[in-house]
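The structure under discussion is supplied below as C-alpha cells; questions concerning it will follow.
Just so it is clear, A, B, C and D label the chains in written order, and each chain counts residues from 1 on its own.
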Amino acid sequence: MVPAQYYLLLSAAVFCIGLFGVLTRDNALYFLMSVELMLNAANINFVAFSLFWGNLTGQTFALFVIALAAAEVAIGIGIILVLYRNFGSVSVTDAATMRW
Amino acid sequence: MSAVSIVNAAAAAPLQVVLPEWTAIAPVLILALTGLLLLTIDAIWPGRNGNTTFAFVSALGSLAALTVTVWYLVAGTGQVGGSITLFSEAIVVDGMALFFTAIFTSVAALVVVASHDYLAGHENAASYYSLLMFATLGMALMAVSNSLATVFVSLEMASLPSYALVGFLKKNRGSVESSLKYFLIGALSSAVFAFGISLVYAVTGSLLLSEVAAGFDDGVAGFAGVAGIGVLMIAGGFAYKTASVPFHFWAPEAYEGAPAPISAFLSSASKAAGFVVAFRVFSTSFMPLLDATPAIDWALAFAVLAVVTMVLGNFAAATQENVKRMLAYSSIGHAGYALIGLAALTAGGPHNGDVMGAAMAHLLIYGFMNTGAFLFIAMVEYWGVGRTFEDYAGLSTKAPFASLAMAVFMFSLAGLPVFGGFFSKYALFASAVSAGFWWLAAVGAITSALSLYYYSRVVKALWIEQPNGNLDAIDSKPTGLYAAVIFAAVATVLLLPGFPIALETAEAAASALFA
Amino acid sequence: MTTDETGTSNSGSSLVPGLAAVALFVVMAVAIVQSSFGTAVTFPEGESIVAHIGYAMFDLQADMGTIASEGFLAAFLIIAVGLDVAVDGALFLAKREEEGSIVALLTDGGRELLDTAEASTEATTEEASTGTDTPDSTDTTGGSR
Amino acid sequence: MAFEYVPAIVLLPFLSFVIALFAGKYLPKGGALAGIAATAGSLLLSIWAFLTVRSQGAYQETIYTWASGFGEQPWELTFGVLIDPLSAMMLVIVTLIATLVHVFSLGYMNDEGETGLPRYYAGLGLFTASMLGFVVADNLLMAFMFFELVGLCSYLLIGFWFREDGPPSAAKKAFLVTRFGDYFFLIGVVAVFSTFGTAAFVGAESFPVLAEEAVAGDVTVNTFGFDPTTWFTIVGLLVLGGVVGKSAQFPLHTWLPDAMEGPTPVSALIHAATMVAAGVYLVARMYGFYAVSPTALAIIAFIGGFTALFAATMGVVKREIKQVLAYSTISQYGYMMLALGAGGYVAATFHLMTHAFFKALLFLGAGSVIIAMHHNENMWDMGGLKDKMPVTYWTFLAGSLALAGIFPFSGFWSKDEVLYEALIHGLGGSPLLLGAYAMGLLAVPVTAFYTFRMVYLTFHGEPRTDTARNPEPVRWNVKFPLSVLGVLAVVAGLVNMVPVQKVLGLEGIDYLHQWLDQSFDPLTAHHYAEVSPYSSGYIGGEATTVLVGAAVSLGLALAGLLLATYLYNVAEPTEHTAKLGAIKDVLYNNYYQDEFQVWIANRTQSVASVADTFDQGVIDGVVNGVSSVSLFSGSRVRRIQTGVVTNYAALLTLGLTALLLAFGLLGGWFL
C-alpha cells in the first residue's frame, strides 16, 4: 500500500494549486473553480484515510462535501450573474468600490 | 402545559410531563418548518404581495422557537441529567446549544419585525423571509452539531442563504459587491475549513467530536504537523464565521453593503453561531492537544488572534466616517473580545467554564445591543437621510426615542458602566484575569476605552449637533422598525438586572463542557 | 466569457500573490514529510463498499454491515434542506427584474479619508481615485451627502 | 432613620435630571427650579445624615447584589451605601455647593438669555447625582462606575456651548485624558477583585483590611507571585492612574485649564466639589490600602508636591481670570495629594473641605465678574471693579485670602496642617517627604502672588475699558451664593485649629480629628496613623515645630502677597500701561519702579513662562500625541482593506501561513 504521507502530499499540492488559482485569477468563475479544486483536495484525504482507518466515515463524508460544493456553485453562479448585470463584467477586481 | 416539563429526564417526578427524546430539537424543527411553510405559501399563491403575511409567519415561527428554547432552558433539558444526543451522536442538545439558540431566534425575531418596514415595496419578500429562516435554522443546527460532519454541513447551511441575503438588493451595486466578496471569501474559507477537517480525520479516523478527542488522547507524536495544520485550519474556518483576523476581510464590506437588517443579523447571530461551534469543537475535541507533546497550543493562537482582532477592529473603527462601516469594524472588535473565551482556556484550568461562560454572556448582550444599533441604521436608511456622522446630526430632534435607544446601544457597546455591555465585558475581563491572562484583559480594556471615542461620536451627532437640513425627508414612522429598536433597547437595559441570571446560565452551560 | 478582455480589469494579473500559495505548500509539505503514520487498517475483503456507504448515510451502520462508520442521517437531512435553500437563493438571484434601474453606490469608499490625506501620500491618493471611478458607472459616490 | 433616606440623596438630583431632560422646555426657568429643589432636598437629607452619624455612628448597607459567584471564590458585585464621617462630610459639601451653583446659574445662564437651558440643568443634575453616588459608594467597583459617569457628565457640560470651536474640543480632551487615567483604574479594580475577591471598603473582609493582614502575614491572598507589599503598590498605583487623571495631577492635568471653556458655574462645580475632588476623595476613601505601601505613599506625596509647585508657577502669567483659578485648582489638589502621601489623612480631608468652599467662592465670584464684564475674561481689560460690585469684591477677597493661606482665613489652617504633616513625617526619617515639603512650601508665595495679582488686576486700580467702567449689575441670585460661601471661606478653618491646640495646650478644639475618628474601626483617622509607615520628628518640641512651620508658611505667603501688592496694586499696573490708550492721570509715576523690581518681575515671569511652555508644548503634546497617534494608526490600519477581493484572499493566505509557521516552529511540528 502507498504510504499515507503520499496522499497527504498529493492533497496538499491540489489544495495549493487551487489556492494559487484563487490568488492569481480575476475572473470570478475561475475563482469558483479553484475553490472546487481545494474542496476536492479535502476529499482526497477523506477517501484515502477512510481506507487507512478501515472505516467509511471519510468516504461517506466526501459525498456530502461534493453535494455542498454543488450547492455553493448554485449560489455562486447566481451572485456572479447579478454581478454581471450590475458591473458589466465578471472580474472580481471591478467590484472594489467599498474599501478602507 | 402548565406543569414544568423536563424532556427525557431519567428521574422525572410523577407529575412532570416527559416528552420523547427527539423533541429536544423542537426549536430546530420549528425553524425548518417555518422556512418550508414560507416556500409553500409562495408556491401556492405566487405573486401575492405577501410581505405582511410572510413577516407574520416568520416572526411567529422564530418566536415559537424562542419560546420553546427558553422553556427548555428553564426546565433543564439537556442540562439536568446530562446532554441529549440524537442521530448516532451527531446531534447534541445541552445548555450551550439552547443558550445560543435563544440568541439566534431572538435576533431573528427582531430582524424579521424590522424587515417588514424595510422591505415595503420590494419584490421577493418570500425569498427574503425564507432565506432568513433557513439561515437561522443553519445557526441553530450549528449549535447542536456534535460531529465535524454536521458542523461543516450546518455551517454551510447558515452561509448559503446569507450570501443571497447580503445581495438581496440586486440592483444596488453596494449590495451586490458585498455579496460577491462575502461569497468568495466564504467559499475560500469553507475550503480551508474542509481541508482542516480532512487532516483531523486523517490523524484520528473519526469525525464525531468525542471520538476525535479520544483519538488525541494518546498524543500526536509522529504527526503533530498534520494535526496542527488541521486544527489551525479549522480555527480559520471559525475565524471566518466570527469575522476574526485574518479571515475578517469580508466583514466591513458585507456589513456596509448589505441591507441593514441583514447586517444586524449577520453581525450578531452569525457571529454568535461561529462562536458556538468553535466553543464546542475546541472544548470537546481539542482540549487534549493543549498539554500534548509536542504541543498544539491553539489557545495561544486564539490569544494572538484575539489581540490582533481587538486592536485592528477598534483602531479601524475609530477613523470611519460612515456610521454603518464604523459599526462593522466595531463588530470585528467585539469578535476579538469574545475570542478571549477561547484564548484564556488552559488544560484542566479551573476557570475554563467561567471564561467561556463570560464570553457567552457577552455574546448574548451583544446580540441585543448590536442588532439594535444596526436596526437603527436600517431606520435611517429607510428615511434616506444619509450615512455619515454629519448626516446623523440632530436626529434626536426628529426621532427622540429611537435616538435615545441608539445612545443606549452605543454606550452599552462601549462598555460604559450602567449598561448591560459593561457587566458582560467586566465579567469577561475579570474571568480572564483570574485565569491568569491579565494581558488579554488589559488589551481589551484599552481597546474598549478607545471604542468609547467613536461610539460617543454617534451620540454626539444625534443629541448635541444641530440638524443640517437633511432631515426633512423624515415624514413617516416605521412601526415595525421602531418596535424592534425599542425592544432591543429595553432588552439591553433589562439585561442589567438580569445579568446575573444570564451569566449563571452561561457559566453552567460552559462548565458542563469541561466536566 | 469575454470579460477577460474588458481591459479595465487587470486580467492575467501578476502571479506574485500566488507565491503565498507556494509558501503555504512548502510549510505543509515540510510538516507532512516529517510525519509518520502507522500501518493501515484497510477494509475487509468481499464487502460491498457502496452498500455500506448507504447504511452509513441512514444511520443503519450499527445494525447492518460490518465496516465501521459514523452515522450521517443528520447530515443527510440537513443537506437535503440545504440544497433546497441553495435552489431558493440561486433562483431568487438569477430572476431578472424588469422595472427599476441599477442603483449606484451610496458608499463612501474612503473618499473622506482622501480629502484629509496628507500631501505626502500623493501616490496612494492617485491610485485610490482611479479605483473609485468604476467603468461605465454614473458615479454618484457619496451623492447623498 | 436618616440612613434609610440616603439613596434619596443620590436619586433626587437624578430626578431633576430626568425632569429637566424631558420636561425642561415646558417648565419656567428651563428646569432650574426643579434642580434647586432637588439639590436643596439632598442638602437637607445630607445634613440629617451627618447629624445621625454624629449621634449614632457610621452606617453601611448593601442595597443590591447584581452578580455573584465568579469562580471558586464567590464574588459579590453589589451596590451599597457607606455613610461614615468622611462621606457624610463630603455629602454636605457636594450638596451645598451644588445647590449654590444651581442658584447662581439663574443669574449666569437664565438672566443672560442662554439657550439650551434644559440640557444644562439636566447635565448639572446628572453630574451631581453621579458625584453623590460616588461619595456614598461602599465598594471600589461601584465607585468606579460612578467615577466614569462623572467623567461623562463633565464631557457633556464642558462642551455645553458646542457651537463654538473651543468647548467641544476641550470637552473631548477632558474626557479622553481622564479616560486614559481610568484605563489604569479599571485594571486596578479587576486586580483588586482577583487579589482579594472583594472590593468592599469596609468590614472585616474588606480589601484594605485584608491588605493590612496580608502584609502582616496573617492571611494569604493571590498576589500573582509578587511580594504582597510590591503587589499592593502596583495595584495602588493602577488605581492612582484614575486619581491622577480626575484630580488633574501631573502629568494628566492638561485637560483642566482647557475645561474652562465650559460655563463658569460648571467650573465651580467641577473644581470645588465634584470631578476633581473625586480623585482625592477616592484615595482618602481607600486610605487604609495605600497606607500599607510606603512606595505608593511616597509617589503620591511627590506627585502632589510637584504638581502644587508646577501649577502655581503657571498661574503667574495667565491673562484670563478663570485660567488663573484653573491652575490654582491643580496646585491646591496637589497639596491634598501631598498631605495624603505624607500620612496626613485628616489634613487632606480638611484641605478638601476648605478648598471646596473658597474655590467655589472664587469661581462664582469670577462668574460674577464675567457677567459684569459681558463675558470678557481678560483681567487686563478689567480694573477698578471694587467700588462697582462691593459684594463680589469682599467675598472674592475673603476667598483669595483663604487661597493664599493668610491667617486666620480657612485656607491658612488647612494648608498649614498639610505642610506640617509633610514636615514632621519628613523629619521623622523620610527625606523624600522633605523634598515634597520643600516644593509645597515654595508654592506658597507663588500662590499668594498670583492670587493677589488677580485680585488687584480685577478689582483695584483704574478701570481699563469702558465695560469695566460701566459693569452690568448682578442680582441676588449671584450675591446670595457668594455671601454664603464668603462666610464659610472665613470661618471653615475654625473646625480644626490644631496649631492653637498644640501651642496653647487647649484640648478638644480639633473637631475634625475627633469627627473623622468616629468611623468604623479600620476607617478611623488614628487607625490610619498607626498603619502608616511614618514616624514623626520635630524641630525642638512639638509646639516649636508648629510655630516655626506656621510662621514660615505665613511669612512666605505674606511675602508673595506683598510682592503682588508692590507690582500690581497700582492704578495702571506694569508695562501694559503704554498700550492702554485713554489715560488721564498717570498715578503710575507715584510708584517708583527701579531696576530691582523689573528684575524680580522678569525673573518670576520667565520661570513661569518656562513652566507654561513645558506644559503647553511637552505635556499637551504627549497627551494629544497619544490620541492622534491612535487615530493616525487607525487610518493606516483601515487601508489594508483595499477593496479588491483577491488581495483579501492573499492576505488571508499569508496570515494563515504565518500562523502555521509560527506555531509549527513553536510547537516543534517540523521536527
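FYI, a contact is a pair of C-beta atoms (placed from the backbone, for glycine too) under 8 Å apart; a residue touches a chain by one contact, two chains touch by 3 or more.
Quick caveat: nothing in here was measured; it's all calculated off a predicted structure.
Q: Report which interface contains more C-beta contacts, comparing A-C against A-D.
A: It is A-C, judged by the count of C-beta pairs in contact.
Q: Which chain, with its centre taken as the mean C-alpha position, is closest to the global C-alpha centre?
A: Of all chains shown, the one whose C-alpha centroid lies nearest the global centroid is B.
Q: So, what's the distance in Å between the C-alpha centres of subunit C and subunit A?
A: Subunit A and subunit C have C-alpha centres separated by 8 Å.
Q: Report, in whole Å, the distance between the mean C-alpha point of subunit A and the mean C-alpha point of subunit D.
A: So the centre of subunit A lies 64 Å away from the centre of subunit D.
Q: Can you work out the whole-Å distance between the CA centroids of subunit B and subunit C?
A: Averaging C-alpha atoms per chain gives centres 21 Å apart.
Q: Suppose each chain is reduced to the average of its Cα coordinates; what separation in Å results between subunit A and subunit B?
A: 26
Q: Among all residues of subunit A, which ones touch two or more of the remaining chains?
A: 4, 8, 15, 19, 22-24, 26, 52-53, 55, 57, 61, 64, 68, 71-72, 75, 78-79, 82, 85-87, 92-93, 95-100
Q: For subunit C, give me the residues that contact two or more of the other chains.
A: Touching at least two other chains: 13, 17, 20-21, 24, 27-28, 30-32, 34-37, 61, 70, 72, 75, 79, 82, 85-86, 89-93, 102, 105, 107, 109-110, 113, 131, 134.
Q: In subunit B, which residues are in touch with two or more of the other chains?
A: Correct list: 149, 153, 156, 160, 163-164, 167, 170-171, 173-174, 177, 180-181, 184, 188, 192, 206-207, 224-226, 228-229, 252-253, 256-257, 319.
Q: Between the chains shown, work out who touches whom and classify the graph as line, ring, star, complete or other.
A: complete
Q: Looking at the complex, which residues from subunit D come into contact with subunit C?
A: Touching subunit C: residues 635, 638-639, 643, 646-647, 649-650, 653-654, 656-657, 660-661, 664, 669-671 of subunit D.
Q: Please give the residue numbers of subunit A that touch subunit C in the complex, ascending.
A: On the subunit A side, the touching residues are 1, 3-5, 8-9, 12-13, 15-17, 19-20, 22-24, 26-27, 29, 51-57, 59-61, 63-64, 67-68, 70-72, 74-75, 77-79, 81-82, 84-91, 93-94, 96-100.
Q: Please name which positions on subunit B make contact with subunit A in the complex.
A: Interface residues on the subunit B side: 149, 152-153, 156, 160, 163-164, 167, 170-171, 173-174, 176-181, 183-184, 187-188, 190-192, 194-195, 197-199, 201-202, 205-207, 226, 252-253, 256-257.
Q: Which of the residues in subunit C end up touching subunit B in this complex?
A: Per the stated touch rule, the residues are 27-28, 30-32, 34-37, 59, 61-62, 70-75, 78-79, 81-82, 84-86, 88-93, 95, 97, 100-108, 112-113, 134, 137, 144-145.
Q: Using the touch definition up top, name the residues of subunit A that touch subunit B in the complex.
A: Counting only subunit A, the residues touching subunit B are 4, 8, 11, 15, 18, 22, 28, 31-32, 35, 38-39, 41-46, 48-49, 52-53, 55, 57-58, 61, 64-65, 68, 71-72, 75-76, 78-80, 82-83, 85-87, 92, 95-99.
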